[in-house]
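Look at the two complexes coming up: chain A is in both, with chain B in one and chain C in the other.
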Partner chain A sequence: MSAMLLNKEKWPDFIGKLTGKKIWAPSGDGEELRFAPVAEGETPQLAFNNTRVPPKNILFPQTETMYRFQLGDLEMEIPQLDKETIILGLRPCDARAISIVEKLFRWDVDDPYYLKRRELVTLVGLACNEPGLNCFCTSVGGGPASTEGLDLLMVDLGDKYLLETITPKGDALVDTVKELLEEADEASQKLKEAAVNEAGEKISRTVDTENVAQGLPELWEDPLWQKVSASCLGCGTCTYLCPTCHCFDIQDETEAFEARRCRMWDSCMFEEYTLHTSGHNPRPTRRERTRNRINHKYSYYVDKFDVIACVGCGRCINLCPVNIDIVEILRQVKEAL
Partner chain B sequence: MTANNPYVPYTATVEDTWYETGGDRCIKTFKVVFDDQSVRQSWSHKPGQCAMIGVLGIGESMISISCSPTEGNFLRFSVMKMGKVTQALHQLEAGDKMMVRGPYGNSFPVDEWQGKKILTIGGGVGQAPLRPIIEYVKANREKYAGLTMIYGARTSGDLCFKSEFDEMNKCEDLSCHLTIDIEEEGWDHNVGFVPQMLLDLEPSPENTIVITCGPPIMIRFVLENLKKLGFEDEQIYTTLENRMKCGIGKCGRCNAGGMYVCKDGPVFSYAVLKEIPEAFA
Partner chain C sequence: MDLEQLRKTAAEVVTREDVKYLVGWKKGSYGYRVAPVFVEDAAGAAELLFSPLCTANLATYLTLVEKKPLPRGQEEDKRKVALFVKGCDSRAVTQLIVEHGIRRDQVVIIGCPCPGVIDTAKLAEKFPETEAPAEVQWDGENFILLNNGEAVKLPREEVIAEKCRFCRYPNPVISDILLGDKVEVREPEEDSGVEEIENKSIEERWDYWENHFSHCVRCYSCRNVCPLCYCQDCILDRLNPTWVNRAVNFSENTAFNLARAFHLAGRCIECGECERVCPANIPLGKLNRKMAREVRDKYGFEPGVDPEAEPFQASFKPDDPDDFIL
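Here is the complex of A and B:
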């Protein structure tokens, strides 16, 4: 691990040096801010809160071809993944989400698509100076400068970025731009500490997760599930915007004789998700589906992987059309326990 | 599943097919053999396990493997015609190709059950996951203290594996009890529901393992009646089914509580099952 400084004036040069790799960075502005590939010669700007949608689609595309085939033929062609990628400027919560989801894709049987993309990507994070209104990362094991999942962490110090390498991949990246960098001095470390502390203090939303994983199953029939799901429209926005939601469907798509088997994001908030062919549905209403969503993140995942499958990014709160608030749900869970 | 990509199925050839039952939701059995010899040799499954079977361009469904590994180097699937994939499967005839990946899930702990009496209680197509146990016990008769099978369906035409019942009755330590819901001309077995037949037969719980598969309503009353007969939770096994896509615990949809049916199941003892909140949902 090393700590270096990059003068912001040299930012375009920094980007220019990262050749040969596909770079994803925040693009657009305001509500439309999202991760997009950086075109050659373009310099992405990193001044933002967080993107409206998380960068999860880069490692786990919304629709991904698993293999192609010709109808009537049995040869299956698996897409080759070999392009090295950099995700630049993702927030620590979204990086933690990647390391959390990776546990599942590595569990028991390796998922070759996710793990190949994970192997090819370098994650360059940007610590948060200005947390969003509904951020609660500090309640679920994260923080404004958490390095979990990251290869390199950048901290905005005003006119400079502090660059802290976390992994050999981060070291390798810093190595390619080293002539632009200077050693970090003690003063800049202190500036970082102050910035991170200040950001942490600005996080106003908190949940108490103690005993929630063990306690949730006991609340199975609690009236709270009816209450918290009553206004749910079943639109699935919460799951599509969630950086840790990873559930998918597998479908065959054909066009003339060209065909592919692909997987695409699915949502446990949809009625069809669990619908049996017989018409029976083990989760017939939004009450059961909401209960499953919360249990999966805060209890089942904890049991299996020892980590909460929520990073406190607040997106599901920010963009729920009927203002369902996971922090509030968890408050009610705690109250009922 | 292939060596480095668990989502890529193997190609298999349908060697033989026949209809078990008729009607709109008919059940057709497929006997299939993997095309690749090395796959045939490396494949091994246990009673209770499932496989993703399908047709390229249509999709895949999780179907229980309805044969025991003791029967030979092939697989059998008994498939009810229900939706898009199963309709496409039903069009397959001998010589056609079927895509298969697996085997998936845990299995009935048949080796732990050695020395015990085995009682299977099936209803309708629920007999398919039970059949491997029956065949396994038949092939290892000296290791088990006997086998009793109770099997029912709505009508005699809805019973699967009919041609195999006579053979069972000829053996003294195996017995086969059939029942249908409504009286039928020419039917010389029991008439009545499976749970009632269980009570009438009054099997002793002593040194016995009971496995039940069938429609949820049947399972419910079978469990009730097993308790009346004095069976302990640990002696009772069943299987769960949920919608599945990946078969390897990734796609997320088959969970019942914190259990993935595709990995932690499909076989559960009642002792485990009754602690899973969504198990009977």
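Here is the complex of A and C:
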């Protein structure tokens, strides 16, 4: 682990040095920022709060072709993943989400698609100086400069970035750009500490998770689920924009002369979710589906992997069309316990 | 809007024997949010409100109800549902009646004349949201933001929701109870959004929509929030045959978005909810208002204004103009 400084003026040179790898970074010309592949000669900008759509789809594409074959030729073609990738400027919450979701993809079977992408990616995080209104990462085990899941953490110190390497992958990346960097001095470490503390203090929303994982199953039939889900529209916004939601469905799709087996995101808020062939659905209404969303994140995942599957990024709160607020739901859960 | 009167009326309605529950708006959990709320008793009516932040079209909840199979011997509660409507929302209710999506005698409509609602994203750009829910009131045509006891005037032009610029029905077209006085109907502005698209060449239009539809995440919030997208058996959910693949890519996303636009032609009442809720910021309002304009210009038909009207897509007139058919 090392700490280096990069003058912001050298940022375009920094990007220029990372050749031969596919770089994903926030981009969007005068439009909303999204993680997108950086075109040659383009310099991604890092002045942003967080993207509305998380960078989840880079490692876990919304539609992933597992294999395909052509009409008349039963030879299966399995897409080969071999391109080294860098995700640049992802927020610590989104990086934590990757390390949380990874536990699932390493569980009973090693998922070759996810884990291959994970192996090939270097995660370069950007600490938060200005957390959003609905951020609550500090309540669920994260923080504005959390390094979990990251290979390299960047901290904005005004005219410079402080670069802290976390893993050998991070060291290797720093190595390729080392002539642009200088050793970090003690003053910059102090600046970092101050910035991180200040950011932490700005996070005002909190969730009390004590006993929630154990308590949630006891609230199975509690009237609170009806109350908090009454206005739910049953859309997939909260789950599709959640960096940790990882449910998927497998479909066979055909197109003229090609057939594909695809894995695609699924959402527990949809009517189709867990619908049995018989027509029976164990989660027949939005009440059960909302209950599942909260239980999965705050209870089942904790039981299985010992970590809450929510990183407190606040996206589901920001973007819910009808103001269903997970912080508020958890407050009611605590109250009912 | 006199909130005392609104809450009193709501309490009276919700305690009526023939009313099951009432759908209204209440203060949200933070910032400029207002949340839809289901009220079942007089006490619940105390938290209801109507303000320029009440963008949500509650007519959606008339058809969004999920019915579980009833236990043996138990009968379905067939009492009426009461709901608050703005001008645009009332058109959705009217259109639902036209299409037999609901029956007129199943609803109690409480009309709220609406001088226009706020685009909360625009407001948040000027005055960032705070954790404490903010209060916004009408001041004639303009708005007042009450922030920590301080009143800030917000000129209409700066924060008004786009759909309200083109609104021709600020007063409910149908209601059982009308709260307050009707508002003056303003001359609607030219729809600059639709014109922007119409002024593009075919190639430019394609690029424009390709850019937007490529970003669609298929969360279906536009479909689910839409009061007139209420098919029990939506073509998007069909697996056999699969009309629209589950794969998320430009081609399938376009199939989805265009199918929705066509199914809404002559039915969309321009409440703008689809565009408001889209997490990918797709300008769906422009698409649907364009379709509405086509139907208006070509057939002189306006959905959701007359509960006795024949549904546009089910009507045929021998003298329909056919000059656009090749």
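General observations
By our rule, the second predicted complex is superposed on the first by the 330 of 337 C-alpha atoms of A that agree within 3 Å, B and C clash if a C-alpha of one lies under 4 Å from a C-alpha of the other, contacts with A are read in each partner's own complex, and residues count from 1 in each chain.
In this section, contacts are C-beta pairs under 8 Å (C-beta built on N, C-alpha and C of every residue); 3 or more make two chains touch, one makes a residue touch a chain.
All of these numbers come straight from a predicted model, not from anything done at the bench.
Taken together in the superposed arrangement on chain A, chain B and chain C fit without clashing.
In the superposition on chain A, contact is made by A:Val53 with chain C only, not with chain B. Once the two complexes are laid over each other on the shared chain, residue contacts for A:Trp107 go to chain B alone; chain C is not touched. The vertex angle at chain A, taken between the C-alpha centres of chain B and chain C once both structures are aligned on chain A, is 90 degrees to the nearest 10. In the overlay built on the shared chain, the residue A:Met66 is in contact with chain B alone; chain C does not reach it. In the superposed pair of complexes, A:Trp220 makes contact with chain B only, with no contact to chain C.
Once chain A of one complex is fitted onto chain A of the other, the partner contacts of A:Asp249 extend to both chain B and chain C. With both structures placed on the common chain, the touch criterion links A:Leu133 to chain C but leaves chain B unconnected.
The minimum CA-CA separation between chain B and chain C in the overlaid arrangement is 6 Å, rounded to the whole angstrom. When both complexes are aligned on chain A by C-alpha atoms, chain A residues 249, 251 touch chain B in the first and chain C in the second.
Remark: chain C residues 28-31, 33-38, 56, 60-61, 64, 66, 68, 128-131, 215, 217-221, 223-225, 237, 242, 245-249, 273, 276-277, 279-281 touch chain A in the complex.
Only residues 66-67, 69, 71, 74, 76, 78, 104-105, 107-112, 217, 220, 246-252, 254, 259, 261, 263, 266, 268, 273-278, 280, 282-283, 288, 292, 295-296, 299-300, 303-304 of chain A touch chain B when the two sit together in their complex. Interface residues of chain B facing chain A in the complex, by the touch rule stated above, are 1, 4-8, 11, 56-60, 82-83, 86, 97, 99, 216, 241-243, 245-246, 248-253, 255-258, 263, 277-278, 281. For chain A in complex with chain C, the residues that touch the partner chain are 31-32, 34, 52-53, 62-63, 133-134, 204-205, 230-231, 233-237, 240-241, 249, 251, 253, 255, 260, 262, 264-265, 267, 270-272, 284-286, 317, 319, 321-325, 327-328.
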